[in-house]
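Consider the two complexes below, in which chain A is the common component and chain B and chain C are the respective partners.
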Partner chain A sequence: MRRLLLVVFVCLLMTGSAFAADEPIRIGVFNCLTGQNAFGGQLELEGTQLALSEIPEVLGRKIELVVVDNKSDKTEAANAVARLIERDKVNAIIGTYGSALAMAGGEVAETAGVPVMGTSCTNPLVTQNKKYYFRACFIDPFQGSGAAAYAYRTLNFKKAALLIDVANDYSVGLGNFFKQSFISLGGEIVSEMKYNSGDQDFTAQLTEIISKNPDIVFLPAYFAEGAIVLKQARELGAKFRFMGGDAMDNPEIVTLGGDAVEGFLHTTFAYDPSMKDMNPVAQKFTESWKAKYPDKEPNVNAALGYDAFVLVVDAIKRAGSADPDKIRDALESTKDVPTVTGLTTLNATHDAEKELGIVEIKDGKKQFIGTITP
Partner chain B sequence: MSGPDGTSEKNIKTRDGILTAVAAALFAAALWWATKNLDGYKLRIINLIAINAILGLSLNLIYGMTGMFSLGHAGFMAIGAYVSALLILTPEQKTMMWILEPIAPWLLGLHTSFVVSLLAAGLIAAFFGWLVALPVLRLGGDYLGIATLGFSEIIRIFITNLTPITNGSLGLKGIPAHTDIWMSYGCLAVVLVCMVRLMKGNFGNVLRAVRDDEIAAQTMGIDTFRTRVLAFSLGCFGGGLGGALMGNLITTIDPKMFMITQTYNLLMIVVVGGLGSITGSIVGAVVVTTMLEWLRFVENPVSIGGIDIPGIPGMRMVIFSLLLIIVIIFRREGIMGMREFSWNWFFHERTPGKTVGGGPR
Partner chain C sequence: MGINLSFDMFMQHLINAVGLGSLYGLIAIGYTMVYGILRLINFAHGDIFMLGAYFVFFATVRYKLPWVLGVLTAVAGATVCGLLVDRIAYRPLRNAPRISALISAIGVSFFIENLSVVVFSGMPRPVVQPPLLMKAFSIGGVRLVPLAILVPAISFAMVAGLLWLVYRTKPGLAMRSISHDIETTRLMGVSVDRIIALTFALGSALAAVAGIMWALRYPRVEPFMGIVPGFKAFIAAVFGGIGSIPGAMLGGLSLGFVEIMSIAFFPRLSGYRDAFAFILLILILLVKPTGLMGEKLEDKI
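What follows is the complex of A and B.
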């Protein structure tokens, strides 16, 4: 009897260890699925989930996504990351839309020593002095100077104006870096107007800008407010062109802005469904997105959600292990990994170095014009 | 125990004192156990409970005890959080963070210890509370609510635009994580003791009198305006203290953290717990903070009997709101109502006729 028990016990132990070998690699996702940033967070999560369905395994182990909502709230973001690390024991984390949330979550991950791959948190402060935070996106100074170079050199505009959302860290940062580069290139900033997130009436600022007669107005806004600005500018008879950043990259903008968004330019990540010469990863992404979500256009947020997953899995593969510290070390040496938004290299400050894309809205459709290499 | 009234009351007082001391010691031991055995996630929630309790108590002093409907608490939290953060960040961190505009030179070298920064946070928030109270507390009821709400928005917009001092909408990060369990529960203990003593003393009676009938209180010779200003400033001190602790827990702050939704969260704690009850605010803080986290499981994908139900983000807010509605329908006065915890609850039959608003129902 005792021997029988022993055999059973040994069998149990063996199956136990067999299970352990097959235990899935858990990747946590914290993103804003509800709250004011939900429109971006949802798209990113869908991108990440799409990537999982394409790459369900690494190192012969299944990958499991653990998704938690951060409600677009800082306290919740920190709680969410703590939960992923302590309760769900994730090996790596992906997230989030919104730099403030990334900073709150990043501190928890940093103390616990779990690597995080940011999706579209573009504020330079996010990865500053952080050992464990990386991001799949480029940062505001890079995009700002790229936009300024395009406006000044390619379009040959010498006089620019700015219209900035002063309550939005993204808008303030991007606007400021555009201004610095535009001035250092030799351009002139003729007017710098401000508004607050949630404003509906921009006629005062626009009238002031019109009176200064710029060639181009840089508008680093979120698409909901950006579309209203464009509409009101058209109504006031503005002749100059507008240029925005990646936050304007949303299929909704044409629906919201109608005719008024015609000719609007914005910088973004090097991906758009209208791209002519897509790289193979982007082609695959577009195809499977259209198969999975036939009634929705893919955009850069979805692409970045996808890319963040690709980068993490690539690091796990190169590390040959799911140990958080080994993943971190592998992430640090990420070089020229093919992703939807072009070849991605993570630099010394853990930010992605990739091409900048330019999109123009023509005939009511987004047209991908081309890329600028830094 | 069945002696003359005087000794019995004295006995009860000694008994309560001993019981309170024992309970506090047991609670401290439980916290010590928690720091050794629980993981970081659970400790974070326990920590948040203390901070929310401090904030709830301070709002309750303004709204529940003194009857001033204030929607400005997020603003005072913001003041506290920024004051504390700016005082404890090192000069190197400051120069690195102000990437848009250089930091104001006088601010750069300012550096104090955490406890000093907490005190400063509370005092400066109280000072602003006093400043606002002078004109605004001449209003009453809904008008006061609107005025304080406006003030809290003004603070937020000031912080957003004062880039050389606050780093604008980019916010601050890398605030040292000083808020550990001991710090937040220590602060809570101090706030709690002060509140209990305050409400048991004559000042508590004055506050209740002002709340229940201002004209009657005036006729009794109470300077109602001064009382309200004092209570409001004290409440703001708590708000600033709570904000500072919060900033040090999350280690990063920005103006968007202190929107009106933050005030609503606190209001929820106060109302669910029971307006005007110290015990209620603590119960409210425990219930609201833990429920929001605990309910996360309803957003996870589940499979019941082979059927997979995908997780719906936001589901926990729906359920949480339903729970709140149920509480308000069945207990309009909140979980505790206006009642306070008292040791008499456990000795009900031994103290006939002496349960001063303490016994259950």
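What follows is the complex of A and C.
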């Protein structure tokens, strides 16, 4: 009798594990597919989906993506993460474009204990004091000081102005880090103007900045807004140059801004389809992107969407399990993983360490003009 | 908070303010007309504004129609949408409590916004500005593009035309009569539903014109672009005295002026631009609850 029970038990165990092997590993994606940040979110999702088609399985189990739109809205972002965890029971989550959205979603994931891999949310607060939030991108202090150093040292600009979206954590953070670094390098901030997300008229702020005659204006905006700012600045006769952060890195900026974006500079991740010596992962990514989306240029968002997936799968492989806590532990020891945007190491604060790229818009095209290594 | 404003800079700010304010005013008129007649805040108005901008985008960028034709198509399209909103969402509720119509208005607004996300996609799209309107020139130290003059000019012309229509024509008389007393007007043999439809058509056409000019000035269209301007225009309408057409224009201009000048005079406080607008609204409601031009409560249109 006892032996029979044992046999039944073993059989149950085997079928149980057999079921587990068939069960796909579910990776949730929450990103902005509509709303203000839709351009960036959409590209990141396409990057993630491209990565899935190249790495369809890990540990012998199929990977399945569950995609939820956070509508570029903080409340929706929290709801999206709650849905992924409670209803879809995902093992790990990827997302999102937009630091404010990442912070809103991060709270939910933290409580539930599911690891999240951020794509392009670069505000330090996203991973601060978080056990479960990681990110495939570097953070704003690094980016802000890189931008300030480039403006001050390489371009030899001594007077800068700022135009900041006060309703956006990313913009406020990046603007402050630029300001601190620029001042500590010896530069002067001649004007600091503010606006609110959703504003479409910037003429008053720009007229004020023009009167202060800066060499360069740092504009840590999202590109859809940034392009409109650049247009209005040129209409008002602004001669100074503009510089932005990674959120300006989107092929659509030229379509939206036209001639006005000529000469615009921005810091970004070290990937661009126009860059000369690409690493092998970037080469492969560019090729498969062009095969899958022939009428669309890849950009850093697509690359980071791809990288986030690569980092999560790498962690699952090293953990040897799809258990959310084990994935989390494995993510913590991520070191020198080859990704599209360079060798990625996740540091003690769960932020990626990698190179910083500088891009300039020339003749209506993005030109990758160099990298700065930390 | 050093205030040092040269004359040139002040003029530049003034022109910016008139450009922005006249657009607010043009949108505000739609709110004020519908409110004057039906005592209803038509929350879908900002979305009709958005549809106007989208239609002109599709007509000129997608289907490459010439500008004049594109504008006419867009205005006609938005007018039809305005009429549909009235027919579907408001007319069945004509005799219902006012709060029902208000909730219906909010519902329609959400419906149009989300339908637009599905139909047009959530991505912002660039609007092509006719180069002729964008050739910058300077007068003294003030820099101008022809568009900056054209926007207020068209807005004022529209208001003048509308005032003529309301105060000098038969349908205008009927509109003013409805705003006094719907039932008596009906007894006089006026087709009330038709006149109300006409009001919606006019308001929507003006919103479409404003939407088109907005899209030219801030050359990007997206499904939620109507929310903030619609909201600001609503403040402008209340500020000017809701129900009064000249009041709406005056309210719009004042709001544009306050928004721009608060930044011009207090650059450090540029992040509080919207707060200035609301402080203005609170002040006027405290001092003169009917708004700037809303004194004759009985003669509202």
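Simple rule for what comes next: the second predicted complex is superposed on the first by the 355 of 374 C-alpha atoms of A that agree within 3 Å, B and C clash if a C-alpha of one lies under 4 Å from a C-alpha of the other, contacts with A are read in each partner's own complex, and residues count from 1 in each chain.
One rule holds in what follows: contacts are C-beta pairs under 8 Å (C-beta built on N, C-alpha and C of every residue); 3 or more make two chains touch, one makes a residue touch a chain.
From a predicted model like this one, the values you see are computed outputs, not experimental measurements.
Once the two complexes are laid over each other on the shared chain, residue contacts for A:68 go to chain B alone; chain C is not touched. Of the two partner chains placed by superposition, only chain B is touched by A:128; chain C is not. Contacts of A:100 after superposition on the shared chain: chain B is touched, whereas chain C is not. In the superposed model, A:33 makes contact with both chain B and chain C. When the two structures are aligned on the shared chain, A:166 is found in touch with chain B and with chain C. Once the two complexes are overlaid on the shared chain, A:191 sits against chain C while remaining clear of chain B. Of the two partner chains placed by the overlay, only chain B lies in contact with A:78; chain C stays clear of it. With both structures placed on the common chain, the touch criterion links A:208 to chain C but leaves chain B unconnected.
Residue overlap on chain A between its contacts with chain B in one complex and with chain C in the other: 33-34, 38, 42, 71, 166, 196. Interface residues of chain C facing chain A in the complex, by the touch rule stated above, are 6, 9, 12-13, 16-17, 19-20, 117, 121-124, 126, 134, 136, 138, 143, 145, 214, 217-220, 222-225, 227-229, 259-261, 263-264, 267-268, 270-271, 273-274. Interface of chain B with chain A (complex): residues 39-42, 44-45, 48, 96-97, 99-100, 157, 160-161, 168-171, 173-174, 177, 246, 249-257, 261, 293, 296, 299, 311, 313-314, 317.
Across the complex, chain A meets chain C through its residues 33-36, 38-39, 42, 71-72, 164, 166, 191-196, 198-201, 203-205, 207-208, 211, 224, 227-228, 231-232, 235-237, 252, 255-256, 258. Chain A meets chain B in the complex at residues 33-34, 38, 42, 67-69, 71, 73-75, 78-79, 82-83, 85-87, 100, 103-104, 107-108, 111-112, 123-125, 128-129, 166-169, 171-173, 176, 196.
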